[in-house]
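After this come two complexes, each holding chain A, first together with chain B and then together with chain C.
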Partner chain A sequence: MHQVWTWVFEPGLFASAPVRVAAVTGGVVAIVSAVTGVFTVMRGQSFGGHALGDVSAAGGSGALLAGLNPLVGFVGLGIAGAGVMDMIGVRRVRGRDLATGVVLGAAIGLSALFLYLEASSGATTGAPAQILFGSIFTVTSSTIPTVIALSAVALAAIAVAWRPLLLTTVSTDIAAARGTRVRLTGLLFMLALAVSVGLSSLAVGAILSTALLIGPAATALRLTRTVAWAVVAACLIGVGSTWLGILLAYDSYYWGASHQGLPVSFFIVAVIFAGYLLSGLLAARPAARRRPPVAPPAAAPASERVAA
Partner chain B sequence: MSAQTAKASTTEVLTVEEVSVSLSGRQILQDVSFAVGAGQFTGLIGPNGAGKTTLLRVILGLQRPSTGTVEVPRTRRGPAVGYVPQKVLLDSDLPMRAKDLVALGIDGNRFGMPLPSKRRSEAVREMLHAVDAELFADARVGNLSGGEQQRVLIAHALISRPQLLLLDEPLANLDLRSGQEIVSLLARLATEQHVAVLLSAHEVNPLLPVMDRVVYLAGGRAASGTTEQVIQADVLTKLYGHHVDVLHVHGRILVVAGAEPGPGADLTAGHAVEVG
Partner chain C sequence: MFAAFMMNTWIVATIVAPVAGVVGFFVVLRGSAFPAHAIPKGAFAGAAGASLLGISTLIGLAVFSLLGALGIGALGRRARQDVATALALVMMLALGAAFLSRTTEYEPQIYSLLFGEVLGVSTTELLPVAVLGVICVAAVMVLYRPLMLSSVVPEIGEAKGVRSHRIEMCFLVVVALATAMTVPVVGALLIFSLMIGPPAAARSITSRPWAAMLLSVAIALVTVWASIAASYLYNWPIGFFVGALGALSYGAGRAWAAGRARAVRPPAIQPLTQG
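Take a look at the complex of A and B:
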């Protein structure tokens, strides 16, 4: 029994300060990403979320070059990018793709410039890997209060916009005809999205932030019938995947003879992806039971269509 | 110009006066005037591209008219107008049950999160009962058939107790029978819920049994009144700008282009091929 325990939780796991900081930061970030992610998936703005990840990458590498905490750049430029995307037409479906693509391209260009300058100045090594693919074990405990404060901002924005977000997801025309403040609702959502992508850039890297944003949400939406339960499930999946990823990354140090730990971001993303695949199997099977008793025969259960 | 609005004995819940709309240089609506009385069932009839959707958007305040005015009933919380748009894409992935969508009709436009309340769920249940949609209250809206989604959207629009309900081509994507069910449901709701119904359609026949009045749109201009007043050869000929015949066949109305069927032929108000 003890052997199994030490095999799962390799020695020093709970004593390690970087692991504890990573568990707290990763957990908080996973919750924010999951909540925002559910609305991102429902609104069909996954591509926008990904583009904001690239904007965050530019911000993070710029901040590193300027000698600032990357988190400042991740979130700062992310919010600016969200503002630009909103301005150049993120509210129209057709304009949205274009705006997103243009902003994404510009952001990657900026990242290339900043990371080149950073590398040639020779101040730090491994900056590209840290910005793009993250390294949650390098987060210091002094960052935790900032992470929590930013998380509170993002969650508050979603909570305030909750009902109008759902109504505009159903139909912007109905929402506008009811006198909903559609523009303000969209802006609040973009703020939450920018902050949560910035935070997950810190946890799993700017490029992989999409995985933490979309993965748990997409999995949860397969398994639940209401928005509230989808949010709860996405949080559990996000936090679980993050912690399991951290555990696996820590353990990986002991796997080979060479004692080289593998990147934590890889494990987190791998667990999320495995969960998504698994949910496809889970959702396909009990569909008949989850269907309401008198549902019309013509209607195919959602899960079947998703799995198809 | 509009046919004289006959006996306006009831109070009016909608007044459209001299409304014109041009979009990017094209005249969509020209001097459209009509009124809808409380609890009346009005059909907004016209061929595709006649400006029906634009007119509904003007009434909803989603589109500003170039000239003219629109008056709709208001409460402190905004216009007391319910709306069922033509295209609402309810994806089967959307984690929303029929009753969740109806509940959004109560206060979905307000900020903040909804708190679970007995009164809300009771109101939702009653509304779903009123539109005969209780049976699929717990089904995902994306999994319902077109007619069922239509009922849920009507419940969503009516739960805030509007005085006027606008529906944009609700019959367009329904089979004949579902369409008839929706029409008779709307006629019943107009009486039960004391709501005036303004429904756009390109076919007049499904509405004949229930319609109190008709607003006929063609070429951006409108004629309004009772069916007998409006759907007449001389009125429609003026509206279309070319000769039009109105035929009555077994209680159904066919609007057909006159003597020389040319490029102006319009059969949209009644399909001669349809067997009723």
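Take a look at the complex of A and C:
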């Protein structure tokens, strides 16, 4: 029994401070991402969710260059990016695609500049790879309280706007007819998304930010029939995948003779991806016989279903 | 600026820009900006893998961009495309992170693959880039009608026997080819700016497809040429100029469209193509 235990949880796992910090931060980020993610997937804003990660990473490198706290850069430019996307038209699906693309392109250009200036001033090494991939094991414990506080803000925004958000997600027409302020709700959601994505790309890196936002939510929406249950399932899947990934990454150091671990982001993404594929197999049969889920991932609001 | 060591740069940029302009026109028309971002970015992982195996970067890029395109297409059959794209992208990037952890690839090389290194183009690379470019443009021309139909009025396309999903797959493969050829030159991230900014600007200026496509090629050429010149003069990364000019040209296109709409006539009928 003890042998099995130490085989699964290699020695030192629970005593390791980086692992504990990663587990807590990863767990918090996974929960916030899962909640925002369910709406992101239903609203068809996965591209926006991913793009905001890159936009806030550009802010992060800018803040580094200016000597500011990276958190200010990440969340600040993320919010600015969300505002610009909303301004130039995220309301219609096709326009949204373009608006997101243009903002993303400009942000990538800025990243290129900032990284170049940093590299030429000799300030940092490893910045490009860090921004592209990120690592959950480099989070310091002092950032945890800030991450938790801002996460709470994003979650509160979604909780407050829950009903209008749900209405505008399912049908903008019905929402507008019932007097919901569609535009305002959309903007509020974009801002919550920007905060959540900015935090997660700071805390766990760009790859994991998108993976945790989209993966658990898409999986949960395939398995459940109501939005509330989808949110619960997405949180469980997100936290579970994160912890399993951290465990595998820690153990991978002991695999083989070379003692070369694989990155934790690789394992977390692999677990999430496998879960998504599995959920396709699970959902395929029963869903065909029973009625389709209440919130099918393909439910683009009728008015927005432009020749897609 | 036109010294011998810059010649390859000018030539390769002049090949890349029209391809990005033509392919980008359909990227914008079909609302495929996310795949157009995800395929080059994910293909970057292939370059990392190629350096791990010690094979040519171009092969790594081509394999991964094709894998990405097919993956997005396959996953997209059963889910909405943006979710499929996001998941395919993160999986490719995760593989890239795993590859990178096993190589001793130098930082500057990663940076140049991400953001482009036009000065690093060698004469031997020109031919494959040109060939891939011709293939891409030829493929778009061959697919022109079904692509146009399935992008603008998919219902009529289906009725006429255009298989939307098959067309989508073909188109993603074209994007993947364009990606493989352009990543070493303008970088994984900026080919995307080149595929979005100029075509988007062109489409806000004219709604006639051929005119828009030509205009998009012209704007892409000017963007790339101006970026190389500016990068040469100010010594800032070319990626910054491509990104900035891409966004600027889109802004200018929107301003032009808004100005014209405010003029006496209502805008030309364009709900279908503008969708």
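Here, the second predicted complex is superposed on the first by the 276 of 308 C-alpha atoms of A that agree within 3 Å, B and C clash if a C-alpha of one lies under 4 Å from a C-alpha of the other, contacts with A are read in each partner's own complex, and residues count from 1 in each chain.
Operating definition for what follows: contacts are C-beta pairs under 8 Å (C-beta built on N, C-alpha and C of every residue); 3 or more make two chains touch, one makes a residue touch a chain.
Owing to the predicted nature of the structure, the values given are computational and were not obtained by experimental measurement.
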Partner chain(s) touched by A:Y253 [first = chain B, second = chain C, both, neither]: neither
Chain B versus chain C as contact partner of A:A230, first or second or both or neither: first
Partner contacting more residues of chain A (chain B vs chain C): C
Contacts of A:W243 with chain B and chain C, given as first, second, both or neither: neither
Touching partner for A:H50 - first (chain B), second (chain C), both, neither: second
Touching partner for A:V102 - first (chain B), second (chain C), both, neither: second
Touched partner set for A:A176, first chain B, second chain C, both or neither: first
Contacts on chain A seen with chain B and repeated with chain C across the two complexes: 41, 298, 300, 306
Footprint of chain A on chain B - complex, ascending: 60-62, 77-79, 81, 83, 85, 88, 90, 92-97, 100-101, 104, 107-114, 135-140, 142-145, 148, 156-157, 160
Residue numbers on chain C that touch chain A, as the complex places them: 28, 31-34, 36-38, 44, 78-80, 82-83, 85-87, 89-91, 93-98, 100-102, 107-108, 110-111, 114-115, 151-154, 187, 189-190, 192-193, 196-197, 200, 236-237, 239-244, 246-247, 250, 254, 272, 275
Touching residues (chain side chain A, partner chain B) in the complex: 41-42, 159-164, 166-167, 169-171, 173-181, 221, 224-227, 229-230, 291-292, 294-296, 298-302, 305-306
In the complex with chain C, residue positions of chain A that touch it: 41, 44-47, 49-51, 88, 92-94, 97-98, 100-113, 115-116, 119, 125-126, 128-129, 132-133, 206-208, 210-211, 213-215, 218, 222, 260-263, 265-266, 268-270, 272-273, 276, 280, 297-298, 300, 306-308
